[in-house]
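Chain lettering (A, B, C and D) follows the sequence in which the chains are written, and residue indices restart at 1 in each chain.
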Amino acid sequence: MTDYILRIDCPDEKGLVHKITGVLFFNNLNIERTDEFVDIDNNLFFMRVAFSGDCDPERIEDGLRGILPSTANIDLTTKQVKDVVVLVTKEHHCLSDLLIRNEFKDLPFNILAVIGNHEVLRPLTEKFNIPFHYIPAEGITRVEHEKKIEELVKSYSPDYLILAKFMRILTPEFTEKFSKKVVNIHHSFLPAFIGANPYKQAYQRGVKIIGATAHFVTDDLDEGPIIFQDITRVNHTKNALEMAQAGRDVEKIVLAKALKLVFEDRVFIHGNKTIIFE
Amino acid sequence: MTDYILRIDCPDEKGLVHKITGVLFFNNLNIERTDEFVDIDNNLFFMRVAFSGDCDPERIEDGLRGILPSTANIDLTTKQVKDVVVLVTKEHHCLSDLLIRNEFKDLPFNILAVIGNHEVLRPLTEKFNIPFHYIPAEGITRVEHEKKIEELVKSYSPDYLILAKFMRILTPEFTEKFSKKVVNIHHSFLPAFIGANPYKQAYQRGVKIIGATAHFVTDDLDEGPIIFQDITRVNHTKNALEMAQAGRDVEKIVLAKALKLVFEDRVFIHGNKTIIFE
Amino acid sequence: MTDYILRIDCPDEKGLVHKITGVLFFNNLNIERTDEFVDIDNNLFFMRVAFSGDCDPERIEDGLRGILPSTANIDLTTKQVKDVVVLVTKEHHCLSDLLIRNEFKDLPFNILAVIGNHEVLRPLTEKFNIPFHYIPAEGITRVEHEKKIEELVKSYSPDYLILAKFMRILTPEFTEKFSKKVVNIHHSFLPAFIGANPYKQAYQRGVKIIGATAHFVTDDLDEGPIIFQDITRVNHTKNALEMAQAGRDVEKIVLAKALKLVFEDRVFIHGNKTIIFE
Amino acid sequence: MTDYILRIDCPDEKGLVHKITGVLFFNNLNIERTDEFVDIDNNLFFMRVAFSGDCDPERIEDGLRGILPSTANIDLTTKQVKDVVVLVTKEHHCLSDLLIRNEFKDLPFNILAVIGNHEVLRPLTEKFNIPFHYIPAEGITRVEHEKKIEELVKSYSPDYLILAKFMRILTPEFTEKFSKKVVNIHHSFLPAFIGANPYKQAYQRGVKIIGATAHFVTDDLDEGPIIFQDITRVNHTKNALEMAQAGRDVEKIVLAKALKLVFEDRVFIHGNKTIIFE
C-alpha cells in the first residue's frame, strides 16, 4: 500500500472528474480526498487527488493521458519528503526555524545544505550537522556568483530551493533554471512596500499592521505567485527596528506554513497566482 | 440552464466519486466545483458538487440512489435563496446586521418574519417592512410559549430558524422539530464560558481574547455543531460591559459568515461536528 | 462632577508630566488614566489624561499655558458625543453600520446629516429619520460641487466629516478647510493597491489577504495618517467581486473601530502618522 | 546615564502621578514613557515609568516611600536582561524557540539552565552550550522530585522559571516558593479545555479555532493570571494530532510574546489577572 498525490491541470471540459476518477477506480485504488476547482474566467481545470493502493504509476499516467486533453499537466508523486537547499545571508530567524523543523521532522522536508553569501550562519547550521557552503559575492560578477550557486545547488538535486532571507536579487536567468521550484519569504505584506527596507517604509508610513509574504520566485522579483501571507499589529511606539523585530516571527511562521502547503503538493501555479487546496 | 448544489454523505467505499460524477456526466451536466472528504476514522464519505445544465432532478436522484449505499443522504437543491425566521430578545446588533443584509441582498436569504419575546426590536424590524411578532413568555409555561412560537414559525415554512441573541433556552422537544435547521450565535468562544453571563466570566478570568461561536442548535444547549468562530483582543482596561460591547461586532460578523456557509449549502452535520467545504 | 479628556502635544522637556499633573492636582481634580509617549527621534511629547472633578476649564488651560512650551497644543474637552456629517456615494455597507450604531448609541456620535452625490441611499437614511441631501456632481465643475458640499456641511457645524465610501476625490482646498477632521475608509490595506479598483488589483495579484484602512484625509489622497487597519483571508476561489464582498465587512468594522478611537479623543496626528492611546 | 523601569501599585488616591513624577523630576531624571491605570472597581493604582539619568536608586525609593501609601509595592530595576531556568519534558518546540532566541539575543533574557524530567531534550540543549539537568520523577515521591528541582533552580538564582511544555503538575508548595516568577505555556485557549489532552478535547468538540495561553502559575493550575493568548484556525480535515501540530507554532510564539512583556517589566499581577502596559 502506497500513498499517492495526483495533480492535474488542463483546459476544462465536461466529464473530467468522472474520467479521472475512473482511471483510479478501474485500477482498484482508493481515493481519500478530492479537491477540484474550475477557473471559469480562463476555462481551466485544477484537480488534486490523494489516493492509496498498489499501482504501477506509469500505467496510471498512461491511462490519464488517454482521457485528458493533450496539454494537460499530470503530476503523480509518492515522494512525501522533499529535498531542499536553503539560501541565506545574515539573518538567522527563518533558517533557525527551518533547521529546528528539519531536526525534529516538523515539516515534510530534508535540508541537504545551506548556502550563504556571508559566513555568519555557519556555526548555527553546523550545530545541526547540515553542510554550510560560503559563496561570497565579493570580487566577482553577479553572473559568476550565480553560476557558482547554480552548480552547487545542482550537485544536490533538490526538489526546492528556499530563500530564507537571502538578500540578493536573483537574475531571471537563474530563476528560470529552477522554474516553479524557488520559494522566497518577503519581509512585507506584498504588494505593499515592494523593494528595499520595507520596515523602514512601513514605519515612515505609520501603518498599524505589518505582514510577510511567502511566494514563488519568478523573473519579476516581487511579482511571483503568492502562497501564504500573515500579519501582526504594530503601533506608534515601534520604530523601524522594532517593526523588523516584530516582523521576524511572522516571517518565519509564514515561510513554514507556505512550505508545508508546497511540500504536501497542495499548490498549483498559474500565471502569477496560486491555486491551493488546503 | 440551472445551477445545482448536490450534497451526499454515506459510508465510504471505493469508486464513489467516479460513480457519482458518472451520473452527472451521462446526464450531460457540467461540474463547476467538487469537494470531497473522507472521515477515515469513521469511514464516512462527504461530497458537495456544484454543477449546471438542464436536468430532471428526480432522474438525477434516482440515478444516484442506484449507485450509492442505501443509507446515503442525498440533497439536491436549486434553491439559492433560503427563507428564514429570526428569533430575538432585546439586543439589536445581530438582528440589525441581518435586516441590513436582507434589505441589500448581501446574504442569500429572505427574512420572512421576526419573533421576539420582548417588543423592543419591533420598531427596528418594521423600518424594513418585515413582520414582527411579539410572543411574551410571561404568565404561561415554557411549553406553552414554545408551542406558540412553533405554530407561528411553521406558518411561515422557513428553511432555517435563526436565533439572533434569543436569550431563552429552547427545550429539546422544540429543537427536534427543527432538527439541523436552527442556527444560534453564542456570545463566547465555545467551549469557554458555557452558560450565563460569558462576558462577566471572561472579565473575572482576565482573558486577553474574547470570541463568538455560531452553531447549530441541538438538545444539548452549548454542544451543537460549531459552524464558525472568531475572536477579538481585549485588555485590562475593559470591564465586563466593555467586553460585551467589543464582543458585539464579533458576534454579528460570525453569525453572518456562518449563515453564508449554511445558505450556500456548504455545511454537513455529523454528530456534534460540521464538515464545511469553503 | 464632570469627565474631562485633556490632550497635550509639544516639544519634550524634563518635568512635563510632573508639571501637567500638578496643575490638575492643585485644582483638586482626580486623574483616572494617564497615557504619555515621547517620540525620541523627533523630541516630541504626547499626553492624554482622563480626569474628573469640578473645575473651570479656562483656569486649567491658563495653568497649563503657564508651564508648557509656547508651541504646545492643548485640547481639553468634555464633549463625549461628537457631531458628524456623513458623505456617501452608492455603497450602503458603511453607512448602514453607522446608522444602526447611531440609532442604538453604539458609538459616541450623533449623525446630523448624510450627503450623497447619488440618491440611492436616501431611503435607507430616511428610515432612521436622518436628513439626506442629494448633491449631484453632474453638470457642474468639481470646485462648484465641493463648494455646495462645503456650505451644507458648515451649516451643520459638525466635529467630524466621515467619508463612508464616498467615491470622489476631494481637492486639497476642500480638505484643508476641515483639517484633521475628515475620516475616510479606504477599501484596501494601504499602502497596497493605492488608487482605483483595489479589489480588482488584489484579484489580479492573487493575494491571500485583503484589508481595509481608516485614515484621516489630507492633501495627498491615500497618504493620510492611518488610524486603524484590519484584514480578512481570501483564496483562489474568490473573483474580484467576491473579494469586494468579503472586504465590505472588514471596511465597516474598521471604520467603526477607528471612529471609536477618534471620538474618544485617543488619537493624536503628527505629520502623516497617528499616535493612539488605546 | 542608566535606563530604569519603575513599577508602582497601591491604593488609588489623588495626586499620585504628580507626586511620583515629582520625585523623578527633582532628581533630575528624564521620563521617557509613562503608563498609568486605575482599577476603579477596586480603587487600585498601577503605574510604570521608563526613565533615564544618573541617580541613586535607594534615594529614589526613599523619596517614593515618603509620598506613597505604606502598602505600595515599589519595583525599580535596571536589570534589562533577566536570568531564567527552563523546565521541560519531551516536546521540543517551545524550548527550541527559546534556545534560538537566547543564542541570538532576540529576547532580553539569559537561559542559565534547562531541567528535564526526561532526557530527550538534552542533545538539543547542549548544542547551544546550555547545561541540561535530568531529574527523573520515577521511583521517588512528587515531593522528593520537586525538592530536587527546587534546590537545583535555587542554585541558579534565576529571575524567572519558564515551564516550556513541562507536563507535570506542580504542587502549591512549590509554586509558592517562586511566587509570581513562574510562567507556563498552556496548550489551549484558556479557560476552554482545562486539563489533559486539550487537542483531543478540541477535536472531539469540533472547534474551528484552537489557541494557546501563557500565564503565571499559581496554586490553582489553570487559573493563573493570563499574560498573552493567540489562536489559529483549524477545520474538519484536522484530527487531534494535526490540531496539536498546528497548535505548536501558536504555543511557541505566544510564550515568546508573553516573556517579552514580562522581561520588559510591563506586567503587573493583581489577584488572578494581569495589568499590562504594552
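In this text, contacts are C-beta pairs under 8 Å (C-beta built on N, C-alpha and C of every residue); 3 or more make two chains touch, one makes a residue touch a chain.
All figures in this text were calculated on a predicted structure; none of them were measured in a lab.
Shared contacts of subunit A and subunit C, meaning chains that touch the two of them, come down to B, D. Computed centre separation for the pair subunit B/subunit C is 36 angstrom, with centres defined by C-alpha atoms.
Separating the CA-averaged centres of subunit B and subunit D is a span of 41 Å. Counting only residues that touch two or more partner chains, subunit B has 33, 37, 235, 237, 278. If you sketch which chains touch which, every chain touches every other chain without exception.
Touching subunit D in their complex are the following residues of subunit A: 33, 92-93, 96-97, 100, 103-104, 106, 124, 127-128, 235, 237, 245, 248-249, 253, 256-257, 278.
Against subunit B, the residues of subunit A that register as touching in their complex are 14-18, 21-22, 24-25, 28-38, 40.
Interface residues of subunit C facing subunit A in the complex, by the touch rule stated above, are 37, 39, 41, 189-193, 205-209, 211, 223, 225-231, 235-237, 239, 272-276, 278.
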